[in-house]
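In the two assemblies presented below, chain A is common to both, partnered first by chain B and then by chain C.
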Partner chain A sequence: MIEININPDVLVIGGGVAGILATQKIRKQGYSVSILDQGQGFEPDPCYKMESASYYSNTIQELKKDPKVSWLEDGQITKVDGMLGDFKVYVKSNGKVERKNFGAIVVATPFDCIPVFEEYGLTPGENVFSVNHLLELLSENKPPTGIAVFLTTFQEETNPVSFKNIVLNAIEIGKLGSTVYVFVRNVKTAAPGLEKLILHAKNHGVMIIKSNKAPEVEIKDNRPIVTTYDPIIKKDIEIYADYVIIEDKIVPNEKNNEISELFGIHTDSNGFLQTNNVRRIPVFTNRKGIFVVGSAANIKPFPYILTDAIDVSCEIQGLLKGGGKVEVEETISIDQEKCVRCLTCYRVCPHGAIYWDVDRVAISSLVCEGCGICTAECPMNAIQINEYSDDKIKDELKDILKSKGDEPLFVAFCCKNSAFEAAKGAEKQGIDLPKGFKVIKVPCAGKVDVDYVLEALVKGVDGVIIGACYKDNCKSEKGNIFASYRIAHLKDILSQIGINPKRVELINVASNMPKEFGLKLQEVSKKIVGMGS
Partner chain B sequence: MNKKVMVLGGGIAGLSAALELSKKNIQVELVEKTCFLGGKSIGFTCKATDKCQQCGACVVEEVLRDVVEQPNINVHLRTEMEQVVKNGRFKVKLKKSNSIPKENQILTGFSKYNSPYKVVIGNVQGSEDAVSIDRLGTEGELDVDALIIATGFTPFDPTARATYGYKRWGNVITALELENTLRTEVKAIKPSDGQRAKKIGFIQCVGSRSQTFNSVWCSEVCCPYALRMASMIKHKYPDTEIWIFFIDIQNVGKEYSSFLEQIKSDIKLVTATPIDIFPAQDNKVKVAYEDDIEDRRKLEEFDLVVLSVGIMPNKDNKELSKIINIDLSEHGFFSDIDPLRPSLTSREGIFLAGTTTGPKDILSTISHAKGAVCETLTYLGGKK
Partner chain C sequence: MIVGTRKPLEEIKAMISPYKKVLIVGCGTCVAVCLAGGEKEVEVLKNELSLAMGDKVSFDGVTLERQCDKEFLEQLSDVVDQYDAFLSMACGAGVQFLSEVYPEKPVFPAVNTTFMGINRAVGWYEERCRGCGNCVLGITGGICPVTMCAKSLFNGPCGGTNKGKCEIDEEQPCAWYMIYERLEKQGRLDQIMDVIPANNWENQRPRTVIQPGYENLYNTSSK
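Presenting the complex of A and B:
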């Protein structure tokens, strides 16, 4: 047992809707919160303004009275150290850098909005502006009137958050006397209550026109003329508009990349701070103790941001448990005599569990997820996970080898999150598996050491299968990718030492697909059996 | 703390709620009407191509495993709630569900963690490893401190759209049936002859977004599940031809724009609501639809037509609403009272989780259920 001190303060980054709501919920759990705004100000995100403005201002007012909320305005994070229970964050604000300590961190960066003027060859002006600008006009009580045309993006797909915002604005200016058209390719209605809202808008005179092609806009005598093909009346129509309002495309916050680097959290291909992986849902990142909510993670309808805020408050309660000293069982350790301080383990750990401790490399058992990637990558074999030590796995292999009879023998190293479950299911449901098929459970395909496979093949196993999660489904993000690199490398070695490289195969499978696993195994085993010796 | 919470419904919402509660050392009574845990989503297929498509189905299997391993979750299969009385705590009267088929047969679950995995009704051969239905079901009263309602949804019943010929033409199935076959057989099968379907048509929005059926909502899940199943089938069997008839395609996954761009090269997307489906030669089915561009009625023949049925309120809601004394929304879901606290009801101590409040996919259901547990814990904490 190791004793660790947990700091009960929480940092929330981002003063938009998600940040404010998360702060409120985390306060309810009793934790002090510092809320940092990175220069965007404490404002509801434009896309949610219409539906959330009143919640937002009520919540801010409530929090302003709360002495346990600190406001770090216009702050910039310059450095982050430490891990769950004891993060050290350096914040630059008003010209000076201060170090603050937190037990957990919630990233709630709002969206950025880019109006798609270019797509329509337009420049903003008096009668060409963005939805955000319309919001400003409305809040200044200067609503435009006449014929209004909303243009959504046709180069990409729009989304229900942005579309809902457009519909709400369309209803609003319709009420104030405008004639309103909305052009869209696919009506994005997949959000709570949105279909009903769209129907309401239509019933109140908002004309939503669907088209496969973007309308064209020409400015003549200072008046925008919108031309489009109307599929219902089947001809081109021209709308002499008084103004056109351009969709604000939602993109991830431009600061996300910086945060990703500072905190060591992975982004998805769009630049949101949560990888495209079901195992991160709803509010998790690759690092324990660092959470994402709302627009930092994805484009989410407003009600789901509330759920995120509630969820994160309970996850934090589950981790910090009020703060103070906790006892942690040592689940993984480094043999300091073997370690040559090459830092390979530090570089490959997807969960940020490895750190430099004065003069040696150390692992936090509190943070380690036990994937075993480091154990397989360490050139010195210096790291052991208690539950899945090399000795234990090799002993299992030995037992299996003892059972070898005349039948071909297949050993599958199966990830406990996918292939192992599928294999157990296949057994229970009586699905055909190759005869002489044996399973060794591993915490992740990334745990499978080249040594294990070589030893198995050299000592008489006919075929080795690595059962892994699909790409983008690995709990440790890259375990399956490490496994496939290693197998490619291993196949080279095998050809050199005269063992047919086809004796090793990697199979991707999900936990709920025992039949598919059975079929894939049959395919591989037939090839190996057909190969002879 | 020694508190006890009843979770009603053993779908992914109920399972997630039960698991979270038990991790917080709360005793859980998990009450499920059918003989199996997991709800609809335990029967769903993995939809991965060469990579995971984020459908969430495998997560359900994992949550079920974890629930079964928890010692402080008491599972009551084939059980329903009869009465709830609040007397400080809640006194809940349970009864055996009689909504189980009457004919002699063996019912099978989808997961190895359906404990039991096979249930036998009456006398059937080959039922040695099955559990007898008579051994399932709890009757009597239980005292609990709070209740979480996680009774889920009922998929739209397409026999209500008579022109689609569901249950009349053999090779018209629902997407739920396709999910289940893909999970157990790993290919799309024609019910008429058990062979693989080589030309498949999906029809979107069946039952959803309809004023006729008083369902003015988008079910949110059917565009994603249909497109993902289509690309999975296409990946496994590239010789399959797939058409999708839709009104508006909704976004699928985080990379929705590029996903749709990509799928267009593999799958034919047609903007049209089919009018009629009727049988053709060799057990094929014909779909009649209005081509908007050419402005005429067109026919297309398929081996298999899949109806993308939507998420409708659970058929039990009316009765349940009386038992727990909580009103339904105008559409028949259990709605939430405070938009800022999406799991609360008009009654203290009773919370909502999952699709019982409206359409949600698996992952949103899980986070909603976690939120419900969070609210429950706050309630229990304040009520010492």
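Presenting the complex of A and C:
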């Protein structure tokens, strides 16, 4: 057992709706919170303003009275060290850099908005403006009146958050006397209460026109004329508008890339701070103790931000447990005699569990998820996971070889999160598996060393299968990717040796796919049987 | 660090095929760090060769701390008689020293020593030094013209510089262009006018270094 000291303070990054709600819920669990705004101010994100303004201002008032909430206004993070229980965050504010220590971090960066003026060849002006500008006019009690046309983006799909905001604004200015049209490519309904709201809007005279063709806008005599094809009446229509209001496209915060780099957390293809990995839902990142909520993770409707905030507060309680000293079992170790400090492990660890302790490379058993990618990449075999050490796996292989009969012997290294469960299921369900098929359980396909496979082949195994999770479904994010690189490399090696590379195959399955697992195995094994021993 | 790459299996097979019992010797320093010749690579090569050569040759593996130090090489003295040949996964220096310490044993290289370089990211290495023996980095803004310039010019650029690129390849930056930019950024562009005298290209013959402080010990002066 190792004793580790856990700092009970939490950092929340972002002063928008997600940041404030997360702060409130984490405070309710009793943790002190520092809330950092990166220069965008403590304001609700414009796209949630209509539905959350009063909630937001009440919450912020409540938090302002709370002495255990610190407000870090207009701060920039310059460096991040440490890990769960002991993060060291360097914040630059008023030209001064200060180090602050936290046990856990919640990233809640608000959305950025880009009004899609360019898509319509428009420039903002008195009668052409964005939804955000409309919000400002409404808050200044200067609502525009006349014929209003809302134009959403047609170049891509809009989203329920942005669309709900438009519908709420449309209802509002309708109430204040405008005639309102909303043009949209596809009506979005996937948010709580949104379908009902759309119906309500229609009942109150908001005309929502869905078309495949983007409307065109021409400014004539200072008046915008919107033309489009109406697929219901099957006619081109022309609206002489008094003003057009342009959708603010929701994009990830411009600081997200910087945060991703500083904190070592992965982004999705859009630049949100959570990968499209089912194992990260709802608030997890690839690093233990660093969470993402709401607008930092994805485009989420307002009610889901509230559930994210509650989720994150529970997860923090689960990890920090009030702070103080905790005992952690050593699950992984580095042989310092063997280690050559090449930093390969540090660079490949998807969980940020590896660090330097003076000039020694060390792994935190608290943070390590036990995927074993580092153990398979280490050039000196210096890292061992106690439960899945090289010796244990090679012993298992030896036992399997003892049972070799006349039929071909197949060994499948199966990820415990997917293929291993699928194999167990297949056995229980009596699914036909190749004769002479044996399973070795591994914590992740990324644990499977090139050397395990070669050794198996040397010792007389006829075929080796690596059972990995599907793309974007790997608990270690990159374990299945590393496995695929290694299999490609192995196939090269086998070809050079003159052994059919099809003796080694990687198959992707999920834990609930025993039947498919059986079929894929049969397919691989048939080819290998054909090759002979 | 010294960066190496594993030789193709065919080439290694051809070298060791006349022998019955071969010891694969890894090196736990530079080539381990660059993932070419550490303990893992020894195991992999051992298994590759076993698969490729069957019972004709038998292999064992061992990884030493360094093959460029006699003390570590001498750790093999007890087992040397058990083998017909050594297959060294060290750099060229290690291979030669192993051969020198055990002159009666054939030693074969399993790694091509490629260059002295840096580790850009995991598994990615770039050349930075040719060991010319006359370091000019102080006046070239920390960019080595011997390594980075296709002509290894001490005074450049040549007429082949083209919008920041080298005439040999559009992808290849011109070293002297980079030097110019770096010096300008650091406000010491005047140094580009310093003429660096031609190197005496000592590396045409084997060199010896004796660090200051050890000169008396060996009763010599560094050459």
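One rule holds for everything that comes next: the second predicted complex is superposed on the first by the 532 of 533 C-alpha atoms of A that agree within 3 Å, B and C clash if a C-alpha of one lies under 4 Å from a C-alpha of the other, contacts with A are read in each partner's own complex, and residues count from 1 in each chain.
Keep in mind that, in the parts below, a residue touches a chain if its C-beta (ideal position, glycine included) is under 8 Å from a C-beta of that chain, and two chains touch if they have at least 3 such contacts.
Since the model is a prediction, treat every value here as computed from it, not as a measurement.
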Practice task
Please tell me, clash or fit, for chain B and chain C sharing chain A in the overlay.
Solution key: fit
Practice task
Could you look at A:243 and tell me whether it touches chain B, chain C, both or neither (first, second, both, neither)?
Solution key: neither
Practice task
Name the contact category of A:499: first (chain B only), second (chain C only), both, or neither.
Solution key: second
Practice task
Please indicate which partner A:451 is in contact with in the superposed arrangement: first for chain B, second for chain C, both, or neither.
Solution key: second
Practice task
Could you tell me if A:282 is touching chain B, chain C, both of them or neither one (first, second, both, neither)?
Solution key: first
Handout entry: Greater residue coverage of chain A in the superposed arrangement, chain B or chain C
Key = B
Exercise for the section: In the overlay, answer first, second, both or neither for which of chain B and chain C A:388 touches. Expected result: neither
Practice task
For A:380, decide between first (touching chain B), second (touching chain C), both and neither.
Solution key: second
Fill in the blank from the handout: Rounded to the nearest 10 degrees, the Cα-centre angle chain B-chain A-chain C in the superposed arrangement comes to 140
Exercise for the section: Go through the superposed model and pick first if A:519 touches only chain B, second if only chain C, both, or neither. Expected result: first
Problem - Superposed arrangement (fit on chain A Cα atoms) - minimum chain B/chain C Cα distance in Å - result: 25
Exercise for the section: Across the two complexes, find the residues of chain A that touch chain B and also touch chain C. Expected result: none
Fill in the blank from the handout: Counting only contacts in the complex, chain A reaches chain C at residues 338, 340-344, 347-348, 377-381, 449-451, 454-455, 457-458, 493-494, 496-499
Fill in the blank from the handout: The chain A residues in contact with chain B across the complex are 21, 28, 55, 156-157, 159-160, 186-196, 199, 210, 212, 231, 234, 268-270, 272, 276-279, 281-283, 298, 303-304, 306-308, 310-311, 313-314, 318, 417-418, 421, 424-425, 428-429, 469-473, 508-516, 519
Problem - Sites on chain C touched by chain A in the complex - result: 8-10, 28-29, 32-35, 38-41, 43-44, 47-48, 50-52, 63, 119, 121-123
Handout entry: Partner chain A, residues of chain B touching it in the complex
Key = 20, 23-24, 42, 44-46, 48, 50-52, 54-62, 65, 110-112, 117, 183-186, 209, 211, 216-218, 220, 223, 247-251, 253-257, 260, 271, 292-293, 295, 339-343, 358-359, 363-364, 366-368, 370-371, 373-375, 377-378
